[in-house]
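Residue numbering begins at 1 within each chain, and the chains themselves are lettered A, B, C and D in the order written.
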Amino acid sequence: MDILRVEDVNKSFGGLRALNNVNFSVEEGTVHAIIGPNGAGKSTFLNCLIGRLIPDTGSVMFGDISLTGMKPYEINQVGVSRVFQTPEIFGDLTLMENIMIPALAKRDGEFQLHAFKNVASDAEICDKAMHMLEDVGLAEKRDSIAGSLSRGDKRRLELAMCLSQDPKLLLLDEPTAGMSRADTNNTIDLLKRIGDRGITKVVIEHDMHVVFSLAEKVSVLAQGAIIAEGKPEDIKGDPRVQEAYLGGAHL
Amino acid sequence: MSLIRKPFNRRSILRAGALGGTALAMPTVFSSRAWSQGYLNEPTGSTVTLGFNVPQTGPYADEGADELRAYQLAVKHLNGEGDGGMLSTFSSKALKGNGILGKKVEYVTGDTQTKSDAARASAKSMIEKDGAIMITGGSSSGVAVAVQALCQEAGVIFMAGLTHSNDTTGKDKKANGFRHFFNSYMSGAALAPVLKNAYGEDRKAYHLTADYNWGYTTEQAVRESTEALGWETVETVKTPLAATDFSAYITPVLQSDADVLVLNHYGGNMVNSLTNAVQFGLRDKQVNGKNFEIIVPLYSRLMAKGAGENVKGIFGSTNWHWSLQDEGSKAFVKSFGQEYGFPPSQAAHTTYVQALLYADACERAGTFNPCGVVEALEGFEFDGLGNGKTLYRAEDHQCFKDVLVVKGKENPSSAFDLLEIVEVTPAAQVTYPPDHPQFAGGALGTCNPGA
Amino acid sequence: MDAILLQILNGLDKGSAYALIALGLTLIFGTLGVVNFAHGALFMIGAFCAVTLSRLLSLSFVTIDETQTDFLGNPLKVETPYVEAWFGPETGAAIIDWSVPLAILFSIPIMALVGLFMERGLIKYFYKRPHADQILVTFGLAIVLQEIIKYFFGANPIPTPAPDAFAGSLDFGAMIGMDPNVIIYPYWRIVYFLFAAGIIGAVFAFLQFTTFGMVVRAGMADRQTVGLLGINIDKRFTFMFALAAVVAGLAGVMYAPINSPNYHMGMDFLVLSFVVVVVGGMGSLPGAVLAGFLLGILESFASMAQVVALLPGINQIIIYLVAIVILLTRPRGLMGRKGVMES
Amino acid sequence: MLGLNKKDTSLFLLVLVLVVLAPFLLNPFPENSELAQFNAGYPDLMQRFLIFGIFAIGFNILFGLTGYLSFGHAAFLGVGSYAGVWMMKLLTMNVIPAIFMSVIFAGLFSLLVGYISLRRSGIYFSILTLAFAQMSFSLAYSVLTPITNGETGLQLALDDPRILGVSQENGAIPAANLFGLAMRESYELSLGGWLFTFNAGYYLCAVVMMIAFYVAVRIFRSPFGMMLRAVKSNQQRMNFTGLNSRPYTLAAFVISGMYAGLAGGLMVAMDPLAGAERMQWTASGEVVLMTILGGAGTLIGPVLGAGFIKYFENIFSKINDNVLYGWFSALPEGVADFLVFVIHPFIGKGWHLTLGIMFMLIVIFLPGGIMEGVERIGRLFKRKSSDKDSSARASAAPAE
């Protein structure tokens, strides 16, 4: 069953057609990768999914909910989380707080005036945050300020933030960009581990090593349109993909 | 500048009884009505403290500085230093130059910032911290009314300083407050006959009015008194207090068929609106076959200085001017001039006289008790403090005296010689019944000694 | 009709003051990214340059005239300005009379120096600090500057008239065939408007046609990149700060005859000029000029008796009302780029 | 205690002790000494410390936590004051209804202003709030004179109805009171050369301020407070995390508006007059200065900042040359003249200059405000006493 179904989505900026009749669907419980050269419209596409941009035409269905026109926080509340290309975290807050906020958002909804509860005595949320930090290996830094983390740690933190919401669909925008090989492998392991929880994942990735380690299905986006789709090994040999990447040697 | 070298000891002896290290708790007396027990801040030592609350920051700071100079001079004279100033010309001879009731006069100063809130805070600190028995000063009606109400509540005397709005002794009058300055009504009443003589009975007036309380009462006063002699009021327009450029208000005057412009403005507003009006050539204009004229109901020398050349030939009224030739004025100008090197402003005169009058009232009452002072000042008639025979009316605590109609001087001989006296309007002509509609509402209440 | 024409004239005049201040403000914001609350103080200092020069020119020596007496009855001290003694009474008087235009030359080096000291001594340490800190420190500086001026010149306005040649007013109405005396406008205000237009033109031409200006404009668009090109952008920005100070100062010098300068005139203009900058669009120079004129004209119309009769108090709040409407409907301002300062 | 953790409890108790003992602490100099000029322990100023403390605490909930810099908070204080005086005119001189209505009206007004202004952020938000406040001030000063009494300020009159009280007692307006306890009632205690004043109004302010402070601490430590800090840190992320930041900021705005109203209500309870100037943008600027000077985002910083500014305004403005000569009377005349000459520009009418210089110095050298200074001194002290602590600093955390 498809958890996400995108139909005929178009998006232009001025004269530039960023997305051109994109049709796309993701099967529940799978890992689906989107690859494509720079400027192919990958990030625009993700932005259309999470409400940061509103598509000019077309529809985005999440299960039987239409995401088109919904506000970003509403989209998140129905179960879509996103990890950004440059980590979006709460840089002035501690790691614990960084995780508690999404956890609270999941439990209490988009707005709750808990002005008199003590956040530190909310055992459920604290435990959950602690577990998440342990999961991503940041437990010992729980009281550090998130802004002081290394880039790799920030990514892991952001991932943990998203996971703490138990999303139905997790969108990952180049989760390993700029990481060392070792860090990349760690991240792949981590993502595989969370695959066990049955979270559907859409990954945008440059690094084919990551794509082929994780993805069950791959879509290729070039110049705003999906030009190929299929199992990773099929995509590898597709001439159109080769061409789109203009001799991308690492294929 | 003269500096008085006196160590500053507040209520020093007042607490002397407690000096042995014994702790006593005593309720103070701020609110109960037990009159015979004394009164708030009763001076029990050898000194008495007065509170001079003047604008030291903000646009009226220069006026405040002049007020403060006059107060310091008054304190000197009261304490028997200097040449005694008006003490020698004052018709009441109760003051002997040995302080007040034998107590040396000391003072504290504060900054009103020309804001009601700040002025009250400053007055409160003088009353609560420094033990001031009387508060005086200020340079706007809003401040005067606010501080007057505070002094009534607290139980000290308030001598109002510069405040020209009718309300100070009209709907906002208070038993503990007295005003020496004249008011909007008096300005109108004094100006009208002079204007009639100078400009005729058939005039069309256009009013620009500062959009706040004082502006309203002044506009009303001038309008009513000029209409009474046949003038027509074409239009009255309110201008924002914050306005600096009045061109947008001046140009419509050109379009109307008015031949007189009345600027109910004071301070920076007046300087700017008058400057703008003259720049727009209003005074060179002929309307209805008559020369276009501008009137500024309330003049002050400091403002005239700010407007420079533009005041030449423009009528207005003022409380007092240093060129007056009566003995009292001459004595004051001399002693102020010797002290500071320039002649005093009307603000300086008002505050100097008020300090003296308060001291005199204490002497005559034989007490600092505000209720005694009020009794001594109510209905008090005197002479020799400038402006001729003067009455502090009991019904509303307004002072009635001659009002000066002045005009910007064409050929000033010095930086201070900016206004010339056109007429000294006798007190009788500016006197009004206490229940005059412009002063309706409010009540004095009863005096409050705060004890 | 003529009433409306007059209000447009008024608005242009008021608008040129707003535009000049806002121009410098937005120049500083656009180049340096600094919110400068002391900009109004620069305008005020400019006006006091005119006051200072006229005082300097009227510096006098004292002779005692035994035949006359002063108010205390002492022999009168007659003051004769040195310039009158040196150049003869007539030339001397003319020099004093022309002190405001002369102050333009006098103020340029002074304002440039003030700007230089401000930027090198204080502002440059605040480039990386939050806007709130910039506002606070420049606000503190504004208070200090105005208190210093107050200490030396007092709180009272100081009349600083334009040369006699510019007294009087131009009968516009008669020129365009209407009745005489219906639309007259003071010469000095016309001079002010032309002067402002000239300054604005000069600043734009400078930014448009010089290499220096191009680098600065590039820096306004993207500071890092220009920095990477190896161009010492900091030095140029210092120059821009000084330039902005000179523009504000000149606006002040020429404004002195319109309203007698006082120490708080900068604060009076500060809030308004910020509103002008925001309405025009933060960092947009043409926006600042356009918004300055627009708000000047709107303010003039709102002060018409007919309008006030319809909507009491509108003349007090029109500028703020416009600011609110613009910010809600077009948050980047009239001509601003999107996303500037939207934290 | 009271649902606070140990550290907050000790902070709360410290503030409590300071507030209760303020009449002693603020009058450190004996009555007769020259330094008595620097005593601040008289009722009006002590009340002002607390009232502006409340105002700044409230402002800090908005600015310190969410980073939204409002330049219009004085308007809420003003609206609160007007509401309070009207209650005293119409209903009773008991301060409770007045304070209550102040909070309600300020809350409603801030809801309106906040709803509109919070559509924008950054400096645009600041300008919107500034515009609203300036409009309120201009109108209150002029057109709204029938409601606000304009320039003079709204005050009580002998012929006010006061339905639940009396219009006048023996020709005087009755005193503002709390169930019969007049706010201006004071007890004075003479101890040796010292004089201490204990004022009923001050202690009412103290109780209210401790409640306000307690509520602020709870908000800082609550999930709501954490969300507000998240707004400041990264509003984007917040939105993509399923949180609607608008109601959070609006709630913070209204809460801080209500704090401002509370301050306004207390102000009229202590001194029943509401002047329009309290709504001017400079008054809003003042609370911004207080908060940043003290340390934005810290719990007691804003209170310290408020105290700092009010102390300057009330104590420095009252020092005149006469007082200076009193201090230096022991010195030779020439030296005294010189000292007075040097100090003269900074005192009395020059207190603005001193204040301006202080702002600049603090912002330049202590960006975190007074609290950063305290922290630095504390650290210095710690380093001296034990070297091993020197590295452990990171968790000293942002919210102190």
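Just so it is clear, a contact is a pair of C-beta atoms (placed from the backbone, for glycine too) under 8 Å apart; a residue touches a chain by one contact, two chains touch by 3 or more.
Given the structure is predicted, the values throughout are model-derived calculations rather than measurements.
Graph distance from subunit A to subunit B, where chains that touch are one step apart, equals 2. Summarising the inter-chain layout, the chain whose CA centre lies farthest from the centre of subunit A is B.
Taking the mean of all protein Cα atoms as the centre, the chain whose own Cα mean lies nearest is D.
Chain centres here are Cα averages; for subunit C and subunit D they lie 35 Å apart. For this pair, subunit A with subunit D, the centres built from the Cα atoms lie 46 Å apart.
Note: centroid distance subunit B to subunit D, computed from Cα atoms, is 33 Å. A separation of 53 Å divides the Cα centre of subunit A from that of subunit C.
Among all residues of subunit C, those that touch two or more other chains are 316. Not a single residue position of subunit A touches two or more of the other chains.
Counting only residues that touch two or more partner chains, subunit D has 138, 142-143, 352. Here the chains touching each other pair up as A-D, B-C, B-D, C-D.
If you check the complex, the residues on subunit D that touch subunit B are 31-32, 34, 36-37, 39, 42-45, 48, 138, 141-143, 145, 149-153, 155-159, 168, 170-173, 175, 182, 184-193, 195, 197, 271, 273, 275, 277-278, 313-314, 317-318, 320-323, 325-326, 329, 340, 348-349, 351-352.
The touching residues of subunit A, when paired with subunit D in their complex, are 50, 52, 71-73, 76-77, 81-82, 88-94, 97, 100-102, 104-106, 108-122, 125, 143-145, 148, 161, 165. Interface residues of subunit D, counted against subunit C in their complex, comprise 67, 69, 116, 119-124, 127-128, 130-132, 134-135, 138-139, 142-144, 281, 285, 288-289, 292, 296, 345, 350, 352-353, 355-360, 363-364, 367.
Touching subunit A in their complex are the following residues of subunit D: 3, 5, 218-219, 221-227, 229-230, 232-234, 236-245, 247-248, 251, 255, 394-395, 397-398.
Per the touch definition, subunit B reaches subunit D in the complex via residues 3-12, 15, 18-19, 21, 23-28, 30-31, 33, 56-57, 61, 64-65, 72, 107-111, 115-118, 120-122, 124-126, 128-129, 140-142, 145-146, 149-150, 152-154, 167, 172, 175, 211-214, 216, 238, 240-242, 442-443, 445-446, 448.
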